[in-house]
Structures are given as C-alpha cells and as structure tokens.
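See structure below.
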Amino acid sequence: MEVREVLNKVRAGEISVEEAEKYFKRQPFEEMGFAKLDSHREIRSGFPEVIYCSGKPDAFLVSIYQKMLEENGEVFGTRASRHQYEIMKKVLPQVEYDEISRILKVEGRRKKQEGKIVVCTAGTADIPVAEEAAQTAQYFGAKICRLYDVGVSGIHRLLSHMDEICSANCVVAVAGMEGALASVVGGLVSCPVIAVPTSVGYGANFQGLSALLTMMNSCANGIAVVNIDNGYGAGYLATQINRLAVRGGKQDERE
Amino acid sequence: MEVREVLNKVRAGEISVEEAEKYFKRQPFEEMGFAKLDSHREIRSGFPEVIYCSGKPDAFLVSIYQKMLEENGEVFGTRASRHQYEIMKKVLPQVEYDEISRILKVEGRRKKQEGKIVVCTAGTADIPVAEEAAQTAQYFGAKICRLYDVGVSGIHRLLSHMDEICSANCVVAVAGMEGALASVVGGLVSCPVIAVPTSVGYGANFQGLSALLTMMNSCANGIAVVNIDNGYGAGYLATQINRLAVRGGKQDERE
Amino acid sequence: MEVREVLNKVRAGEISVEEAEKYFKRQPFEEMGFAKLDSHREIRSGFPEVIYCSGKPDAFLVSIYQKMLEENGEVFGTRASRHQYEIMKKVLPQVEYDEISRILKVEGRRKKQEGKIVVCTAGTADIPVAEEAAQTAQYFGAKICRLYDVGVSGIHRLLSHMDEICSANCVVAVAGMEGALASVVGGLVSCPVIAVPTSVGYGANFQGLSALLTMMNSCANGIAVVNIDNGYGAGYLATQINRLAVRGGKQDERE
Amino acid sequence: MEVREVLNKVRAGEISVEEAEKYFKRQPFEEMGFAKLDSHREIRSGFPEVIYCSGKPDAFLVSIYQKMLEENGEVFGTRASRHQYEIMKKVLPQVEYDEISRILKVEGRRKKQEGKIVVCTAGTADIPVAEEAAQTAQYFGAKICRLYDVGVSGIHRLLSHMDEICSANCVVAVAGMEGALASVVGGLVSCPVIAVPTSVGYGANFQGLSALLTMMNSCANGIAVVNIDNGYGAGYLATQINRLAVRGGKQDERE
Amino acid sequence: MEVREVLNKVRAGEISVEEAEKYFKRQPFEEMGFAKLDSHREIRSGFPEVIYCSGKPDAFLVSIYQKMLEENGEVFGTRASRHQYEIMKKVLPQVEYDEISRILKVEGRRKKQEGKIVVCTAGTADIPVAEEAAQTAQYFGAKICRLYDVGVSGIHRLLSHMDEICSANCVVAVAGMEGALASVVGGLVSCPVIAVPTSVGYGANFQGLSALLTMMNSCANGIAVVNIDNGYGAGYLATQINRLAVRGGKQDERE
Amino acid sequence: MEVREVLNKVRAGEISVEEAEKYFKRQPFEEMGFAKLDSHREIRSGFPEVIYCSGKPDAFLVSIYQKMLEENGEVFGTRASRHQYEIMKKVLPQVEYDEISRILKVEGRRKKQEGKIVVCTAGTADIPVAEEAAQTAQYFGAKICRLYDVGVSGIHRLLSHMDEICSANCVVAVAGMEGALASVVGGLVSCPVIAVPTSVGYGANFQGLSALLTMMNSCANGIAVVNIDNGYGAGYLATQINRLAVRGGKQDERE
Amino acid sequence: MEVREVLNKVRAGEISVEEAEKYFKRQPFEEMGFAKLDSHREIRSGFPEVIYCSGKPDAFLVSIYQKMLEENGEVFGTRASRHQYEIMKKVLPQVEYDEISRILKVEGRRKKQEGKIVVCTAGTADIPVAEEAAQTAQYFGAKICRLYDVGVSGIHRLLSHMDEICSANCVVAVAGMEGALASVVGGLVSCPVIAVPTSVGYGANFQGLSALLTMMNSCANGIAVVNIDNGYGAGYLATQINRLAVRGGKQDERE
Amino acid sequence: MEVREVLNKVRAGEISVEEAEKYFKRQPFEEMGFAKLDSHREIRSGFPEVIYCSGKPDAFLVSIYQKMLEENGEVFGTRASRHQYEIMKKVLPQVEYDEISRILKVEGRRKKQEGKIVVCTAGTADIPVAEEAAQTAQYFGAKICRLYDVGVSGIHRLLSHMDEICSANCVVAVAGMEGALASVVGGLVSCPVIAVPTSVGYGANFQGLSALLTMMNSCANGIAVVNIDNGYGAGYLATQINRLAVRGGKQDERE
C-alpha cells in the first residue's frame, strides 16, 4: 500500500486516522527486549533473517530460535558451537547441526535447488568456511557444485575442472595462506567471483590479512571480497546473483 | 570445438595433424614484445580487454590503443592522465577523454543500455571513482542511475531515493571517510551491493583503509568489496551481475 | 583557600609555618604502598574514583574496596570477574555484581537520576559494553534510556526511535563490526555523540580496529570516540555532558 | 507538525492529499546536481552546514558558497587553499581567509560569544589545527580561551594556567608527537576534554597515529578523541557541550 | 695478552705454536650442545649472563642453572614460571622465586647497592614489569627507589615526589595504556630516562604498541625506549648508566 | 630557595606577600604569544633549550633565535632548511649552517669536549642522522669519535675498530634498512648503546619501522631506542650519560 | 609422449580416440573426495608430496598417510601434534615422531646425504624451527651441519665457526627477536642464505614480524626470506639449491 | 694462508713479527673517509661490490666510481637517476645508463653467459624491477630468459611458456598487485623461485605489502622472497644459485 493510497483512504474514511498513523509509524520488527527480530527482512530482501550464534547467551539463543521457528516454520544459524547444539536439542529435538560448517538449523522443507554456484577451496583446511558458504546457499535454494583442494600450487587440479567452473552463475573462491586462487579463477571465468579469504595459515598471513589483501588487489576482473572466514556472506551474495540469473532481474522501462 | 571433436576430425583426416597441434598449443594472445594482448578475453569472458593507462610509457600506450582499435573497432582505458590524452589525440583524433573519471576511449557505437545499476556516493569527493564505475558499466552496456552525495550523515537524502535504489539489479556504493554508506544501502535492498572504498578523507582514514575495513565488516548482508578507488572493478562486476539478471544465467540440467 | 589567603594568614600568624608548608606540599592521595588512592579526585572532578578491577590481585582489590567503602560509604569497580565477586562477597556481603556489565559495587544510596542519556547498540553482542556505560552513568546520577540492537543493517529499527534519541542530552553509540551506527546517529541528533567501538566481530575487524577507524572518520558532526570496549569512559564522559546540561556550566564573566 | 496532526488535517480537508503526500515524502535538501545541500541541517542540529573545501573543484565551490550565502546570509568553509580564496574573492569580495586555520568565510554578524572553551596545544606546530577548532567554535558562538605551547615536556607551563583550564565548560587538547597533553589535562579538570591528535612529528608518529593511540588509551577520565588534525570536529563538539552548559539541556519529565 | 705479545713469545719459543693457535682460535663460550653459555660475558661487559627462562625445556633450564651456579657461585633468571621454580627447587633447594617479577635466582651474596635509580610506574598493573627492572638492577648492585602508581591522570602524585626523582642517576619509567608518564618525567629531570612500555591496557593499546609509540615520540629530551614489558633490559641499561655515574667512565686522553 | 625558607621570610617580613606569591606562582618561561620559551630549562636539566626549526614560520623562527641569542649568548636549532638559513643569515650574519646535519646555530664559544661518545653508522646514507647526533653532543660538550659505514654486511669493518668502540662511555648506533648494527655493537661493548633507526631503505622498511623494530627486539643487553631519524635525541641522551661518567652522579647517602 | 606423437598415433589408429582424449584431459592427482593427492608432484618437482598435519582431522590424516605410504613406501609430515602421533601409531606402528621438530614420518630407507647445508640459529628457542628445516632437508637427501645459539649478541660464537659456514652450498639462518643473524651470515658467505624469521620473542616483535622485516631489509646480498616459522619451506628450498650444486643444473645449449 | 702457517713462519723467522701482526689485524677495506669500499668482497663472495646510487651525493658517487673502475676495470651501480648519469658521463664518458632498470655501469668486457635464469613478470609495469634483476644477473655472468606480462589473470600466457620455465636453474618471479604469479610458478617448476614483490598497484596494495605477504604465504614449495622492488637482490641470489648449478658446489668429504 503506497503513501497516496493510504492518504486517499483516510480522506475517504475507509481507514481510521489511528490505523493510518500506525502505518506511518509501523515498526517492522519484533521487540524481544534484548533483541529486535527483523521480521520484515524476508519481505524486504527475499531472504529470512539468519542467526549469528557465536557469543549469544544460551537463553537468548533458545528463545530466538523458538520465536523464529514459530514465525517462519524454519530457522537457520551460523557459527554455532557444539555446546549450543546440545542446549538447543533439548528444546527443539528436530534441530540439525553440522560439525564442519557449524550451521545449526531447523529446515522446514528442502528447497528446490536452482541455478548453479561453484564453491571451490585452495586447500582442505579451507573447507569449513566453504561449507558455511555452500550450505547457506543451499538453504536459500541454490544448486551447489563443490571443488575442494584445487589451489594454485598444483594448478592442473583446477584446470581439470574447467567445465564445471565455466558453467556456474557465480563462483565462490575460498582460500587462506596467499589466497591466489581467486585471481586464477577470475582469469578463467566470465561470471562474478566472490572471494573469501580464510584465516588458514600461519606467520605472515596475520590471521587472514594476507589472503584478504591478495584478493583485494587481484589483477583479474569480476572479483569482490567478503570478510575473512565469512562463508555465510559469500553464500548469501552468491545466492542473490544466482537468483538474478535464474529468475531474471529488473529492466528499467523508462527512457 | 571440443577436444573429442578435433580428435575425431584428425582420425577422419578432415583436419591435418599440424592444424590439430596448433589447436592444442594455441596461444590466445597477441605478442607485442613488451606486452601480451589478451585477444581471447572477450570470447572467454564476454568483455573486451580494458587498458590500465597509468604508468604506461607513451609509445607503449599508443601502440596498444592502435592495435586494439584495429582489432575490435573500439578501445577503452582507465586512469589516463590529461597528458596521455593529448599524446593519443595526435594519433587517434577520435579519442574521447573524461576529466573526472579519467577514462580515455574510442567507442565504436553506443551500446544498447540494458537492466539497471545504481551507482551512489557518500560525498561529492567520491564522484570521480563513481564515474569510473558508471562509465565502465555503460561502456559494457548497462543502464546506470546515479545518486551522488547521499551519505549517512544526512540519511534522509538516501531514504528519499528508496524507489530508485530498490529497483536496481545491483548497487555500487562508493564512499570514503568512514564508508558507512554500504552498510546502510545493504540493509535496504535485496540486490547485491558492490562496495567501493575510496581514499577520500584524511588522518585516520589511512588512504582508504578505514572505509575498506568498514565495508569488509558490514553487518548487512549481500555486500562485497573491491579495492580502494577501484571504480573500474566495481563497474565490471556490476555489469556481470546486471547481465545475468537481464540475459539469464545457466541452469544446471543434470540431476 | 587560595595561595594569597594562606600567605596572609601566615603573615598574620593565624596559621603556623608548618601548617602552611603542609598546604603547599599537600599530598592529595592516600598512600597504600602498592597504590595511591586519589582521595581528592571527587573534589577535583566531581566524580569519586572508580576501580578498574581486571588483573588486580585479590588481596589488593579487597583492601582497596574496604578503604574506599570506609571513606566514601560506597565503592564502584569495573571489569570485575565472577571470581573477584566471590572473594569480595566473603568480606563485604553487601557487594553487588552484574554479570553482563561486570560491575562490582556497593552503592550507598540510589542517586537521583537527572537529565537524559541515550545508550544505543548496533547488535546484541554489544550489550555488555553498553551496560558498562549505562550503569556507570546511572551510578553517577544520570537518567538512561537504552536502545539496543538498532544497527544500520535494519535502519528502520533506529528510525522508529527518533523521538527518544532526539530528546537526549548526549547519545552513547556502541557498535562493533563496521561501527556505522555512530555516523547515522550523528547525522540525526543535535547533541554530542560518544562513540564506543567494540571488539565484536571477526576477521578484518581486527579486535575493534575497524569500528574505531569508522567512528574516527565519521563524516557526521559532533562525534568523539573512546577506546575499544571502553563503556566506562563513555558513561563517565556522557555524565559530564549531561550534568553540564542539567546543572549549567560556567559563563565567563570577564570582557 | 506531527504525523497525527497532518492526518487529522487531511481528514478535515484542511490540507490536500497532495500537500500531505509532499509532507511525507519531503526532501529536506537542496539538489544541486553534483551535491545535495543539507538545508534542514540547522533546524535538525542547531548548526548551519559547513563546507569542507579541500579537493572541491573551483566552479563547484563557488556555486556552493553563493547558494549558501544567499540562503543563510553567511557561509563558513574549512581546509581552503589560498588558491580557493583567490578564486572566491573575485566572486564574493567580502570573503575572509585565515592562512593559519585555512578557514574561508563570510560571516553575517559577529555572534555573541557565550560560555567558555579552552583550546590548548602541546607545541607551536599544533596551532593551525587548534585555530581551526577555536575559530569554528567562535563562529558557532562560543567564547574561546587559547593556551598554546603548554606541552608536557615542560609541565609547569600548563600548571601555571590551572585557573583558566578549570573554569572551562570544555577543553580542546590539541597535540601531535606523543599526544600526552590530553591525559594530563584530563587528570586536572572536571569538564569534558576533546582530544585532537595532530600529524605533527616524524618517524614513529606515523602521521598522527601515535598521538591518536595515546589519546584513545588515556588513563584519565572524561576524554574522547576526534580524527587526526580534525580541528573542525573538535570545535563543533565543544560548542555543542558549551551550549548545553550555557543554555541547559533536556530533563526527562517522565517517570 | 695482546696480539704482539703472543707473537713475540712464539718467536722466543716461550709458548708453542699450538698454544698460540689456540689463543687465536679461542672459543670464549661453554659449549653445551643445545646452548653456548657466554662465559666471557662478565669479562667483556662487566655483567654476568642472565637466563631468559620462558619457554626453555625443564631439563635444559636445570642444567644451565647448575652449570652457571657452579661457575659463578650465583645465577639469575627472568620470566620464570612457578612450574619452573618448583622443578628447580628440587635440584637447587636454595633457589629463590619472586611471584611478581618472575625472577628465579640463587644470589651468592647481597651486593653493595650504590648510586640511585628511580623506578616509577603509571599504575599498579605495571608493577610486575617495574619489579623485573628494579630487582635486576639490585642484583647488579644498584640502589633502587620505587615510586609506583604515579601516572599522569593524577599528576600531583608524581609531583609530590620531585625530590626523589630529581636525585636519581637514571629514572626507569614504566607505563602501559597511553604511556604518557615517560614524557612528563622526562620534562622534570636532568638524568636519562629509560622508558618501558607495558602491555597493560586493552582495545587500541594493541598489547603495548600505543605506549611504545608514545614513548618513542616523546617531545621531552633524554628518553630512550626498550621493548614492551622488557623490565630486565631497562634494569640492565639503568645499571650501566648508574655505574658510570658512580664509578666514573672513560676520558679520552688523546688530542 | 626552598618552600619553608620562603615562608619563614614571609613570617619575618623579610619578603613581602606579593613577592612570595610570585614565587609560588612563578612562570619559568618566556611568553612570546605564539610560543613559551622554556628559560628555566638549562637550570632544570643542565641543557639549554634547542629549537626544532622544521615547519616554523620564518618570522617566528627569527624572533625565537634573536630572543635566545640575547638571553644565552648562543642558540642551536635542528632540522633547519637551507631556506631558513638564508633568511636567518640576513638578520644574524654570524649564524652557521651545516648542510648534512641541517643544524643552524650561533655558538658562543667552543665548549671543552670531555669524555667520549662513539657515533657509528651502518651505511653512508645514515650519516646525516649521525651528524645530527654528533654535532648535538659536541655542542653540549662531549668528545665524539665517528665510525661511519661499518654495517653488518661487512662485519670486519666494525671489528677492526673494537678499540675505539670499547673505550667509549656511550655508543650511538645509527642504522636504517634492517638496523642490525645496534645488536652487534650491543654484544661487543659494556657501555650503554643508544640505537637510532633511520628511514634509509625502501620497500618493506616502511620508512624506518623495520629498523625500529629490529632495535627494539635486540637480543643484546644495554640498548635503548629513540625515534626514527632522531639524531638530536640520541646526541642529547648520550651527552647525559657521558656527563654522568665524567662528572660523576649522585650517591644516595641515606640507608 | 609429446602432443604430436599422440596425434600421429591417433591418425595411424595406434591409439584410440578415447585414449587420446584421456591423455589430453589427464588428471594428474589422486581424488580422495576431501583432498586431491598430487601424485605427479615427485615427477614434476623431484620431491614427494609432504603433509602439513596441523588442523587435519584424525581420520583424514590417517587415510592420507596410509595412501601415501602404500604408493611411495614412505610418508613425511610436518606440524604434527603428539595427539596425531598417538592416533597414527595405532594404525602405522612404524611411524616415528620427533617432539622438537614436530615431524611425523615413516622413512623407507635412509637417503644418502649429499652436499652440505648449514642450519644455524640465533638462540636456543629457535631450535624447533631449525630442526624442521634440518630434518626436512635430510629426508630429501642433504647433508646437514647444525650451528645453534650463535646469535649476534655474542658475535664471537658465530665467527668461531667460519670454516663450517663457508664450506656450505646453502645456509639456513633461523632467528627470532631482531633477526639480525641473517645479515651477519649474509656478509660472511658466498653461497645463498635462506632466512627464516621465527615468532620467538615478545612485545614489539609482533609474533615474528620484526624478524621478518629485518631479514627482508637486509643490507647483505644473497638473502631471501621464507614465512615466519617456516622451517619446512627453508629446508625444501635449501635442498633444491644443494642438489643443483651437487648434481649440476641445466646449461642452455642454444645460441 | 692459514693461522698455523703464519705462526710456523714466524717461528721459522720467515716472516717478521710485524708482518704477522699485520696479518692478524688486517683491514680488508679501502678507507675513503665517508665510505669504506669492501675491496675483499670479490675474494670473499665471488662477486664485486655493487653501488647503490640512490641518495649518494654527486661528488661521493663520482669518486666511488672512479676508485672502483681503477681497481676492478669495471663498475656497476643500481637505482641511478638520469641526473647522476649526466654528472658521471662528464667524468667517465664510457659510462652506460639504462633508463628502465636505472643501472649505471662501465662494463669491462661482456661476460660469458652460463646456465639459465628465467625472469618473468606479472604485468608490464613490473618490467623495471625485472630488468634490474635480469641485467644484474647478466653482469654477473648468467644467461637470462625474459618472460614478461604472464600474470595469473590470463594463466594461459604463462602455461604457453612451460618449456622455457621448466628448463631454468632458477626462476625470478616479479609481481605487484596481488603477487600470485610466484605461487603459480612455484607449483610448476622444480628449481628454486626467487619472488620479488613490486610496489605496482594502488589502494590496498600498500606499496607492495600485499604482494610481499602473498609471496611469503605461498602454499607452493621452493619459494623465497626478497624486499619490495629489490630486483638487484633477486638477480644476485639467482646468480649464486645458477653458478652452483653450473660450476658445482661443495661436497662434504668428511663423515
């Protein structure tokens, strides 16, 4: 309902001043005291709110999960610890936990998986971040192709999967240490590449700073970077791009 | 022509061993001695090669422009100085130069502009980077909507353009200083946001590091970051996303 | 008693040389061997000394609390651990401990709460720092309005509280990750904003550096920044400002 | 005019739907194409908009000054170069320029100066930043007391001005090199201290980073920090505090 | 024995070629396989070797202590853990351990304490580092005056000890957080100041970096800085300076 | 005149209240409006004030030199530009300028040079910083021995000067690039070593940060560090130490 | 088999199209699902693949060791924990573990040790990294000479081993703290020096950054640097150089 | 002549005590007052001394070139400016200058070029650094193969030169921006790779820090890194390795 529409209805007496006032002052979130659940987010962005579990007190986390499950029929959280899973399981026995990606969820119904996103990693130690990306994107309805351990120190491992990589709508390139994977992938594909630096490595990698800077400075085109270890963010963004590719976007009609 | 196809033709004697060898050893770039023009790039990525002019010696730059113009009928370069424009104009009088974006180009024919990308800036000082993004995307065939000087210190300026922003396939958010624009935009739209930190500011902005970190750490979803002042990279990536939205992407048929 | 006044009294024999010497060499602190309690601080600054508990050996902490309680009838400490609380409780059973803010105190009498300070946070994980600020300011006699979880990724949550925010004498904006909340608040209010970066986040937030730089570089006016996670400092400063607003300050009479 | 009031008038036919719509979609800024002058800022914050001149193209700057002068009867800009002054003088002969603070202004009428702000510097090299703060605050109507060259390497110079410092509503402490001045001042006064790190120094001062960190980590209470060399920001914030002290703030009536 | 002297003796047959060879190839350290004890150090520098205990395997540490005790009649180690003390006590029951400074030693005879070094700290949390400095210097024979908790947030505490400070041959100033103590002391005394940044603090102190930069950039004269938390280094250097003051140094006779 | 003495004289009527007040409020600096010359510094520290010329406006600098020359019969400034020298020469024709050290001075009478300080550099590019140190120390009355270009990449050059180095009261070790000279010297001598990192080098030396960290972390004893390129500071501190060695220091009588 | 050879055989019908296709699409690695063992690496580089154990899940690690042992008759891993050793021992009882270097291996037959590599350390705390280098190089067939605890604070310890050092084909210099060892060694030898910064130290060594920068900026020739604590990388590279020296390299025949 | 040999001759009276003393105190460098030419370097290291021209005063540089030319019949300097070339040409007309590499030399006779070093760059902007490496190595007698502009954003350009790369004794990989070239090359070859980060790029490359960290953290084996833009250092080290490969190294005879 647009502004003018509301105003016309007020004029016409179809809706009361109080209702209109509520409209103009509407509060699109659920006040929980300690938190404000963003219940309009799915409407606004097409994606339900996702819970960042790390550091949330047990009682808070449980009541957020209960609230969201009640409202949406499903709930999805990242960076959950095994301890949080065990607490949650007592209250919501149907909750599922994946040790590697640390995702804690109750999934209403398996979504239809559409389009294609390739998630690749440089090494095996990058897999947890990659799985956070992959499972996030799957939850949001994307089809995922995983290519793990294809880093540039053995470039033939990556080149042997060119067909897979070149048929994606979006590639998520996950790499720690020197993070060169993103540049090499970026030089091979025509679709957007979301680069995820990981904190894998030691010494002068400075907890992922090295990979982050590498990816930022990539001389290849079509690469953008998310935060260190932010698999969730990459999965979200890749899904947005994949959806645009599958469902089509907007075409400005004017002009 | 796929590998098996070539091999079958060799077997059938349809193509000679020499031709097939050339195929397997093909060198998809133009050797210019000092540089290797990536002439297959358009085929591989759907985008012609773009020249990064900054720091290239005059003679090199001129011969690269001539070569590319000859091959593609057009040529597009970024980070060109006024001096480079004046040198080039003597040889290629049809060359165009934009002082703000520092783009130096010969454009074959104006492309049809499809889809919609919003390019917004926090302040007026961010406009040169934004224009590099906008004009790059236009050159590659995207329709651009510019929203400049809508930074978060006067949030109403941004909110008054919600319609424009929400109808884009991709938003490019360009901001220096504290770079908060990307987070606010990211919280308002459902499409991907490409964040471009700029080196605008002073003191503890450390030549763009502040804005870069802000954008990296955004608590909003659907944001990825390119290098400081990298308008070109953002324009390129936004075009990739916009094309996927307009032209559609791949749908994995298998399974 | 001013310098000239003392001297006149010496001349007049009203006070002895020894007394005067003591005046000029007075030592306005309590020597405890390992520490020097700043007993003149309340006179000098209008605020009693507050104990930073973290890292203080148990025996030291207990004797400091006892000393201060004896002198002032109350005592207030920050960054106390649960362990310190338990040790203290044995000696001072009336001591109170708040798990979230980690404040350990014996409060003489509840102060009258005057003026108005808004303490807002970007997310729920910022609440401990915010509570340190809020409870500090309350202890010093300010009235607090808490607005938690109103970060910029859902800007409507903040905008729906404009009335509250605009009626404050001072706003304390607490945010980790990208720390953009301070800039947005700064653009909305006319009172001073004390920005508190928190170490909440991961990866390229570098333990709060990202939020600190964001707040430092804010393009909004009227913002100043305290140390990462320094809720106490923000609460103190906000109280100073709030008091000036309520009680009035100085008006230079001269000229 | 509040939301309900507008709606009641619509219902009553006192204002048209179109007028009401305009109210709800109002655009509180002046669109200049390349910039959006924030003409509601004075209403919102009590301070007119100030122009950051550095880097603005000559033509843009001149038209912004003309626009603002026309609207407000005065205009105030910071970080202006001598070149910008000379350009401006041709168009607005009444413009004034201060070489030290680099402020470029047309001041309508000298404001009444109220309250008291002390602006102090550690060394003589910090004076330009201090003057930006002092003159900004004067323009906004504060009374300023300047104490320059009172750094901690000769602490007696500072101590000899205790009376001045202790009678301020707010102290702005400007220091480069090691930036210790803020801590010492903070330990001496009961009013808020706005610390301004400057880029004065060399070597391991890293263009002001050293002073910034010093001020951030101050063990004194009641100190907050603005960006390196940000005299304007400190002057603005000090004025806000000074006004609260002079004019009084809000007292929350409820409860 | 000088080179020429040895050679003359060889010529004269007073010492054999083998003995002379040994002289020229002499190995002024004790080879322990895993370590090379620098047994000539006392001769070379006037100070016996001191053991840095942290991280040394138990067996190595014990045999080093035994070796040194046997050779020198005493042994002195820094950064020892309680665990290391307990292991050592079983083998060398006379060993003494100080929990605060973490010094583990067997002291032959109490040295005569000469000259005067002031060791001062900003806060109580800096005491462990200060004690490492003080006890090191005492072990090497210096007289120590301790002034703890005299940081700049209450400058009067420092000023009340001016007599003590001004009578030292060297001041060791130990401070974390903003580290301003060194600058203030440096401005008050005529003797060298050894500044020791500590890792005390949180947030933007970056484990002592803030204090280190402050001290490095001090605008006071006569200050030099040692590594973060390096109490031992400061105690050593202060002793060197104190000895020069007490025992006298060299006077170049030539010219 | 001590506090009690003054008071007794007041009581006895030997000095007036006004005189006594002046004593207690004495201002031991020369107020010049823009600066406060620290005229008591020589009394307090034994060293006259030295002018840091860099960045001082011409008129300020000239009047400071005139003032100081008048008061002390000599004046000494560092970091002077050739331009400043030329301006000064017009007013004070007797002024001397050294291009390498950038020292600008009028020296009353050549001081007697006492003791011995060795100033050594790693390379020839470090000489300007070394000369600032050496000439400062000479001005303050120390005897200097220069050993330049004795860096560790040809360790024999340093070892061939062991006699010189070992007979100093203090060594100033000046080095850029990797800064290893200080550690090697520190391992060879028994006197204090003042290490001066220089900004000589390129790439990962980060304008002297590399040398600074090297010197900070030296595993040799008896080394302290001053700011990058701070030859003056090193010369000052070395003179303090040299004086203590030559003139003797304090011996605490009490016990 | 070269490209042309394969094609000729296809033409001649000697090999089938399928076989040829397999050749052109060959996958030179063992797919293990979670990892891709690079089984061609020994052929390509002359070195078998080495396992980086740290962080690998137990089950993964065991199956990788089993697979590699089966294929190569031996297996070599670095950064193994004692826990990993205990798990492995149950399955492969012949596995050997070295606590210091943290190497976990099954060695087929002791290799002949050829050439000479010197591995030296500055202190005893650097030995674990040095042993990783030394044992890696031994496993790859190099002869190692160890010189431990020869850091620059007692330069005579290093100089007394000149013969050893000067007879090496390559020197690995391992040092933490200030890392000056590499520069000194580099100035003494004619062979390449591989510098390994270690994280040994505290405070301003920033976990090895100090040593890394020192080594990077070395003014000696013939030094290159590997990552902090990367003993394995240094051992590998030193072996490559040693092999070239022993076995001879390539001589370009053309021209 | 070894120590024992000298001593035996002294004993035998074959050489005088004075000659022997000179031997033991020999000074293997040419003292030039401002510099100490390391005339034994060629004997010690097999390489003549090379002059780092940048920043050397004209007169110094000229006399160093003259001295070295006289002694060695040739002289080689790096980082020379065109200005230095023009000054030098007046004195030594035979001097040659290369604008790109900035090498200024008089070459006695063209050396025989032996072995093979590949120098490759990621982009054309890296060529100046690569040429410094290549021409240095050629001067020292190595055969060079140049492969420029083969960066990873078009990996096929690199792969098409596999034959060249795989036949080298050493590869020098020069790259700015993200610096990924070294990792890819390292994964393809069996010889050592010397990685040279360059300062080419902008924004978050931080003047070469990004490429440096990438190369440091490479997951490929056999890579070591020299300073940013240090082409000379890479050329020197590559020559050492190439010589070992061509001329053979040492084989430890003992055991």
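For clarity, chains are labelled A, B, C, D, E, F, G and H in written order, and residue numbers in each chain start from 1.
Basically, a contact is a pair of C-beta atoms (placed from the backbone, for glycine too) under 8 Å apart; a residue touches a chain by one contact, two chains touch by 3 or more.
For clarity, every value in this text was computed on a predicted model and none was experimentally measured.
Colleague: Using the touch definition from the top, list the chains contacting both chain D and chain G.
Modeller: Touching chain D as well as chain G, we find A, B, E, F.
Colleague: Tell me which has more C-beta contacts between its two chains, A-C or A-B.
Modeller: Between A-B and A-C, contacts are more numerous in A-B.
Colleague: Can you give the rotation angle that fits chain E onto its twin chain G by Cα atoms, in degrees and rounded to the nearest 5?
Modeller: Here the rotation carrying chain E onto chain G measures out at 90 degrees.
Colleague: So what's the Cα centroid distance for chain B and chain D, whole Å?
Modeller: Between these chains, centre-to-centre, one finds 39 Å.
Colleague: Would you kindly tell me how far, in whole Å, the mean C-alpha position of chain F lies from that of chain B?
Modeller: 55
Colleague: For chain A, jot down the residues that touch at least 2 other chains.
Modeller: Residues 25, 154, 188, 203-205, 209, 212, 216-217, 221, 227-228 of chain A each touch two or more of the other chains.
Colleague: When you check every pair of chains, which ones turn out to touch?
Modeller: A-B, A-C, A-D, A-G, A-H, B-C, B-D, B-G, B-H, C-D, C-E, C-F, D-E, D-F, E-F, E-G, E-H, F-G, F-H, G-H
Colleague: In the complex, go through chain C and note every residue touching chain D.
Modeller: 44-47, 50, 114-116, 143, 145, 167-169, 188-192, 194-195, 212, 216-217, 221-228, 233-234, 236-237, 240-242, 244-246, 248-252, 255
Colleague: So in the complex, which bits of chain C are touching chain F?
Modeller: It comes out as residues 3-4, 7-8, 10-11, 13, 17, 20-21, 24-25.
Colleague: Using the touch definition from the top, list the residues of chain H that touch chain A in their complex.
Modeller: Chain H residues touching chain A: 122-123, 151-155, 177-180, 183-184, 186-188, 201, 203-206, 209-211, 213-221.
Colleague: Applying the document's contact rule, which stretches of chain E touch chain G when the two form their complex?
Modeller: 25, 27-29, 34-36, 38, 40-41, 54-56, 60, 197, 199, 207-209, 212, 227-230
Colleague: Where on chain C does chain A make contact in their complex?
Modeller: Contact set of chain C toward chain A: 124-125, 127, 148-150, 154, 156-157, 160, 200, 202-205.
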